[in-house]
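Take a look at these structures.
One chain, subunit A, appears in both complexes that follow, with subunit B as partner in the first and subunit C in the second.
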Partner chain A sequence: METKSFPGTVDSLDSIREYAGQVANEVGLSKKPTYALKLAVDEIATNIILYGFERVGMEGTIEMSSEVVDGKLMLVIEDAAAPFDPLARELPNEEDLTQTLEEREIGGLGIFLTINGVDEFRYEFKDGKNRNIFVMNLE
Partner chain B sequence: MAFTIQTVVEEQTAKMTLAGELDSLSARVFQTEIEKIANQPINELVLFMEKLDFMSSAGLRVLIFSKQKVGSHLSIYIVKAQELILDTLEKTGLHHSVNIVDEYPVL
Partner chain C sequence: MEVTIKDFDEITILEVKGNIDSKTAPEFERNAKLATDKSEKIGLELSQVEFMSSAGLRVLLMIYRNIKAQNGRVVLIGVSEEIQDVMSTTGFINFFTIVETLDEALTVLKQA
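Let's look at the complex of A and B:
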């Protein structure tokens, strides 16, 4: 499992999405799940960069790796920022999603899109690192 | 692909042509464009998205921001957005609050 490392800044998001797209292409995902994976990875990486690193003035890296296990693509993002479980946050519910733009709160949509777009999303804190795991079923 | 945005203001309509990928880095550029028109008497914001290939929630937040900043009288038109971007707008319910059209002016 080859690991790629990216500086933990918003300038890296383009390359982070490109990595996710390459991995998706290698395992033959079609256009829609490839986009969904890139979107999910972008959302989680953005949170790590903005809240894990930038907000606390920490410099860090985002490590990405992938492997195929039992017919599933597992893409993993690791970072050494403070523990943060994206699943611990309350997601927008049906009522939130039907509110007009004037009434909307601005947060929470990224995690919602992440969970909604991949077949499975898992979080764990292991060996001092956050591990965000994106699982896509292979066709 | 690098994000680009071009803005033209004609009377009470602001037209913005977006291309490339809209993530949390490029959303800052988009938001700055919205801030520039926020104090003008704009009634319609028309976003041409045919060449926009990617939009994260950071782009959605700028849409929400524009309505909250300019005011509830603002009508937002999204013109020729790609299928996967429309999918994001629908999943998040934002399609109820904007006008999704194939061309502008709407016939």
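Let's look at the complex of A and C:
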């Protein structure tokens, strides 16, 4: 499927989710996995935009591509911001997620939802770019 | 995304239409704060919200804390199955009352 490039700003989030939705549609994902993929993509793209670009005053783009390999959809987001591995930070655990909302720390929920929503999530830094890879099993 | 604030006596209904993401969450938060500042009984009508990211969960958390601090009550209305799934995964669902219609919400909030 074709590669698309989006300006690295929050104004692009609608189109970024739409791309994920179209790809999910083309490979026949059902409603719930499609939503989970859109959510995962939104969360990771948001981190890239807010922390990779905006916080350091950098202008950049978000490149999206996708392919089907061995019965799995691989959706890839690439950016040229500073290396950032979403998996390096500590995720909320069972205890955190059952805490009352008064006491709860809100950090890390986006990445938790990403990992929880896709069948596999991978990160690599390659050729000077962050590559976030979202894998969805096809039926 | 559009947010409309409607008052029903001492109850304030916050009606959201559209997607809640990092672009729109600040506007949602600003309106939610206006609502919780003037009322301790809040209904959040989400039946026209198709998508909500963790940025929206942060605003729900803020609403919950503001209302809890006033011993008030918050009810969510018409939450999609997908958003309920996200609230369930993150443990948020246990802290909110969810109803189907505005009328049900008004009944619950009047009794609160």
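Basically, the second predicted complex is superposed on the first by the 138 of 139 C-alpha atoms of A that agree within 3 Å, B and C clash if a C-alpha of one lies under 4 Å from a C-alpha of the other, contacts with A are read in each partner's own complex, and residues count from 1 in each chain.
We adopt the following convention: a residue touches a chain if its C-beta (ideal position, glycine included) is under 8 Å from a C-beta of that chain, and two chains touch if they have at least 3 such contacts.
Note that the structure is a prediction, hence the values are computed from the model and not measured.
Superposition of the two complexes onto subunit A shows a clash between subunit B and subunit C.
Once chain A of one complex is fitted onto chain A of the other, the partner contacts of A:Phe112 extend to both subunit B and subunit C.
Applying the stated contact rule after C-alpha superposition, one finds that A:Arg55 touches neither subunit B nor subunit C.
Contacts of A:Arg89 after superposition: neither subunit B nor subunit C is touched. In the superposed pair of complexes, A:Leu101 makes contact with subunit B and with subunit C alike.
Of the two partner chains, subunit B and subunit C are each touched by A:Lys32. Residues 10-11, 13-14, 17, 31-32, 35, 38-39, 42-43, 46, 49-50, 97-102, 104, 106, 109-110, 112-113, 116 of subunit A lie at the contact with subunit B in one complex and at the contact with subunit C in the other. Only residues 21, 23-25, 54, 56-58, 60-61, 63-65, 67-68, 72, 76, 84, 87-88, 91-94, 96-98 of subunit B touch subunit A when the two sit together in their complex. Chain contact summary for the complex, subunit A toward subunit C: residues 10-11, 13-14, 17, 31-32, 35, 38-39, 42-43, 46, 49-50, 97-102, 104, 106, 109-110, 112-113, 116.
On the subunit A side of its complex with subunit B, the touching residues are 10-11, 13-14, 17, 31-32, 35, 38-39, 42-43, 46, 49-50, 92, 97-102, 104, 106, 109-110, 112-113, 116. Subunit C contributes residues 19, 21-23, 51, 53-55, 57-58, 61, 64-65, 68, 82, 85-86, 89-92, 95 to its touches with subunit A in the complex.
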